[in-house]
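One chain, subunit A, links the two complexes that follow: it is found with subunit B in the first and with subunit C in the second.
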Partner chain A sequence: MSDKQSTRTPEKHKINYAFREKLNAVAEGYRHNFCYQCGACVADCPTGNHSETFNPRLIMLMAILGFEEELISPDSEIWNCTNCYTCSERCPQDVRPVDVIIALKNICYDEGKAPELIGKVSDTVLTDGITTKITSLAERRRAELGLAPIKQYPVEDIQKIIRGK
Partner chain B sequence: MKYIPFFGCMMTIKYPWFEAAVRRTLANVGLEMVDVDGFTCCPDPIYFQARDKIEWYTVAARNLTLAEAAGHDVITTCSGCTATLSEVNLALKEDQKLKQQINERLKEIGPEFKGTINVRHAVTVLRDDFGIDQVAKTVKRPLEGLKVAVHYGCHLLKPSRIMRVDDPDRPTILNKLLEAIGAEPIHHDLTLLCCGRACMTDSIPNQMVAEILDAVKAQQADCMGLICPSCFDEFDLGQITLGRKLGKKFEVPIVYYFQLLGIAQGMSLEEVGLNMHKVKVDKIFDTSPARA
Partner chain C sequence: MMDVGRHPKVELFTNSEVENVTGFVGNFNVTIRKKARYVDANECTACAECAKVCPVAVPDEYQQGFSSRKAIYMPFPQAVPSAYILNMDNCLGNNPIACGKCADVCEKHCINYDDQDELVNIEVGVVITATGMDVYDPTEYDEYGYTRFDNVITSMEFERLICAGGPTEGHFIRPSDRKIPQKIGFIQCVGSRSQDGRGNPYCSNICCMNTVKDTLLLCDHYPGVEAKVFYMDMRAFGKGFEDLYMRSKEEGVKYVRGIPGDVVEDPETRNLLLTVENTTTGKLEKHELEMLVLSQGVIPRQDGDSIRKLLTLSQTSDGFIMESHPKLKPVDAPTKGIFIAGCVESPKDVKDSVTQASAAAARASILLNAGKTKIEAITSQVDTELCNFCGICAKVCPYNAISASDRKAEKPPTIIAAACAGCGACAAECPQDAILMRHFRDEQIMAQVEALVKDDPEKHLLTFACNWCSYAGGDNAGTARLQYPTSSRLIRTMCSGRVDEKFVMHAFKMGAPMVLVSGCHFADCHYINAVHWTQKRMDRLWNKLDKLGIRVDRLQLEWISAAEGQKFAKVMRELEERVQTVTDEEIEHTKKVLAEEEAKAEAKKKKKAKAGAEVSA
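Right after this comes the complex of A and B.
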């Protein structure tokens, strides 16, 4: 193995246990601990098959080693996961890689390191109760189709049960 | 048996003709719907779940408590809503500690989550509660000769631990429902490929969409049939914008299953909104009067 490669081998990397504890504290994040790096998640991953850099096994490995900088960023590979759950079907260890990736995304959002679009789209649930903008055109089309008008969404209830950011 | 429909944001606002198709076709099959007031966004399994999973559970649980109060199972017609409501319903039923945590948040606004109902996609209810034969009996104008490339999408089937609908690698549910209305389901190598909607980098879903559309064309299918408005977005409008980018015309009509069912039951293209699509679909249907 060349020197260049060996600088990134697990042996030379000090495991960031503090980050792993942080991940363990997020919903479903603890599942990364079950991963034994078999690679069953890789072959049928649609993003992996359409990207030279996305690899669910490597994302799990980075979680195990605590590569916080690589994982917790708006440019992290995790944002290219399609949430298709094929990896969760293949995983013999019940890691549910999509759920670990979602836990990593939750950390990103919490630390202000998620892509802007995440906040922008999800905020509309707090402000409008829904994620699609109501337009007069939509109202008109519903009427033409004989459907009931769009009802007021209970935004106040939503604001009481979730925090804004 | 009665069911509570949960149409979600996209179908209510962006694609109301899908809602119209679902309501009319299911009524013909004999399914009775009880509408419940107060539903919000499911919330969506991509953006909102990425924001905060606990809050995602909470908002979804609030929607579920409204259905529990009405006392019937929920039927979903969007794969995103199906994913969110099914996962949250099961997670809270399985994990008492999580249920307690979420109920603590819900206390302020209403009843607690009890775990007394189920959430199922409308196609699952058709197959399991009414039966494929019952669907076939409602057909007045069989779609004979119509080749429909099946696109299952991800969230009807996976995670199979939660969805429990079909074999995620060899699903048959949509094939059977297409055969029931006289159409010919077409499988291709990429029938089960994701539409890529959730990726934050355009180039990845662009490749997936182009490959799937090419595969559909290679099989000489008349259209692509699917059951998810997000997939529909990717393949209908997405096909036009991607085509412009690539300097290419795919011309693959995209149809939501309940529109096909509506046509087979004798409805007009307008009644099920098939005149509203970006990629024109009128050529593929014989719109002669229904054979009663």
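Right after this comes the complex of A and C.
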């Protein structure tokens, strides 16, 4: 375990079974239970290669031990995952770490512990149908370069799909 | 191998294949195809003159393709018999005009291009299957670059390179520039312990210690060499294994706990770069290696299906052969007189293979020395009067104990009592009820059904339980003093495959609210695969009940093993609740429908008999 974890106080090491059950209940959240900590997910992780602190294997370990405070917060390492699915391809145990991380992110959002930006992005998708707002600057630049204006997204259809009605 | 070849009491067939096996314990008749060798093995002195003149060069399979061999060759130096062999697929043609050089130089005149396969029939008392295994092909693990980089090799290739009899005469050189590498890496578990569809889910057992041995060989041959092993778990479980592992560590071999990611090749030096998380420190490490060895796992023989079918062996989900009992009969096959040894059963090292082979030989000699064997009297018998020669029984028998009948010649099937294990699947499937299962005859079981359902039928759950698993599961529940309702009434059969359709129908006709058929789990079936016939028959019965308008869930099927007393009790509790839901009207309706059905069938039979009588008149 990294230095960060080894300095934990003993009472914090207690396994949080309640959190594990909560995670098991979320779609694909149970998969971390199969992890045998071989580290195959880490070597090719693009974030892990550039960040000292991001480590999918440790996230799986924390999920196994039920480290709720570390995982479920806006500052959690899970938000650095780029969902590239390389770890899922490498994992010999079919844990699919990305799916577990997505499950963790869903718990964060449901509990209002996701970074503010995440809420904004999903709001933009709801109102505009895309993740990034089309600004007047972008429109002007495109016109200057002789590019066609950006196509209008079928916002109402997207909203229908998201709301399910 | 040499000793076996020389032994006066051992007849060795090399380059041969088993074509057919018939008979039973003590009296097997084995047909062996001795493939054409094109060289008279008795005359050949292995002088190698033929190979010198042979113009064909093909990759040498024994040397893992690192060197070449001729079309006429000796498979490996210690091959038994010590004689050359001609591979006709490689030979320029058995037309002497095309080549024929080898026959010209052979002083003993032992090369015969017209050699033919020969079929040999032998009588044997017992058969030991030791057909071995294959190795896993690591090309699936594309991130390690086995197909792309010359300096990535497998552990089998390592073995040839470091062997004094190998293509390099024991000089461990890397394929790209033939230099002796100083930094060598090993990746463990390639194709083993993998659930993601690549490779195999099981641990291949031998690779950890093989790698430890390989690192020690390297340290021994080239002192100062830098060897690194990337692993997820080192499994040094056997006698002396931990010592060897420790010795390897003392020699300076680095063991890094972590599975590497993409391997990249430096185009200039042809060195290999890999990134790995050392999970003991949590730090990402980059390693530059001159050579990389993939510790490949082992897999079952890819061409093992034919022998498996001939000897009625069953296999586990991994594809290895299943033993008769994992603890008490580890070298016995389900069929009497057939034994298994070595890697055909599971991946294992030399010591374990020898142990198992010795056990199999000892088990076999018990039978051979006694010269006779006792069998259970529970065997089946054909009533030739009733048989209509349909041949279903021969198809059902898991032991090939029933020889096929002949409809045209009106020849009924014959049952080899010594090969019959007594599951009774044939008796249950026979549409004519022409098979009598000793000790579990139709009349006996019908009488049990009647006796158990006679009083207060609506309150009882009639259960058919197989002798080995479900009945023992009931015993287990009893000895564990688990509570379950007293309403169940058990009928024991040897196998759930014995439960005839008519037993179930008769129980319903007598007013049973529910019937449960229970047997072993599919992988545990004590009669190879007789339980598959239970499943098929139940599917058929459910369809029938549905058509007759009887609630399908009144017939239940459960797999309960001998250890699952808890499950037995649970099933009994659940079904007791369900018995309560069956109303009297339902039972009456069933009785009526089945009585009508029976009357209809009776009428049809009479009509048929009448028509038959008219025709014969």
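Here are a few things to note about the model shown:
Following the convention adopted for this analysis, the second predicted complex is superposed on the first by the 112 of 165 C-alpha atoms of A that agree within 3 Å, B and C clash if a C-alpha of one lies under 4 Å from a C-alpha of the other, contacts with A are read in each partner's own complex, and residues count from 1 in each chain.
Heads up, the rule we're going with is that a residue touches a chain if its C-beta (ideal position, glycine included) is under 8 Å from a C-beta of that chain, and two chains touch if they have at least 3 such contacts.
Predicted model, so just to flag it, every value in this text is computed and none were measured.
Within the superposed three-chain model, A:146 lies in touch with subunit B and out of touch with subunit C [touch as defined at top].
Within the superposed three-chain model, A:154 lies in touch with subunit B and out of touch with subunit C [touch as defined at top]. Of the two partner chains, subunit B is the only one that A:115 touches; subunit C does not reach it. By the touch criterion defined above, A:93 reaches subunit C but does not reach subunit B.
When the shared chain is aligned, subunit B comes close enough to touch A:28, but subunit C does not. The wider contact with subunit A, measured as residues touched, comes from B rather than the other of subunit B and subunit C. Shared interface residues of subunit A (contacting subunit B in one complex, subunit C in the other): 86. Taken in their complex, subunit C has these residues touching subunit A: 143, 189, 193-199, 232-233, 257-262, 274-279, 281-284. On the subunit A side of its complex with subunit C, the touching residues are 1-2, 34, 36-40, 42-44, 48-49, 55, 57-58, 86, 90-94.
Within the complex formed with subunit A, the residues of subunit B that make contact are 9-10, 12-14, 16-17, 19-20, 23, 35, 37-38, 40-41, 43-55, 57-59, 62, 105-106, 108-110, 154-155, 158-161, 168-169, 193-194, 196-201, 204-205, 207-208, 271, 273. Interface residues of subunit A, counted against subunit B in their complex, comprise 26-28, 46-47, 50-51, 54, 79-86, 88-89, 96, 98, 102-103, 105-106, 108-110, 114-115, 117-119, 121-122, 124-125, 129-135, 138, 141-142, 145-148, 150-151, 153-154, 157-158, 160-163.
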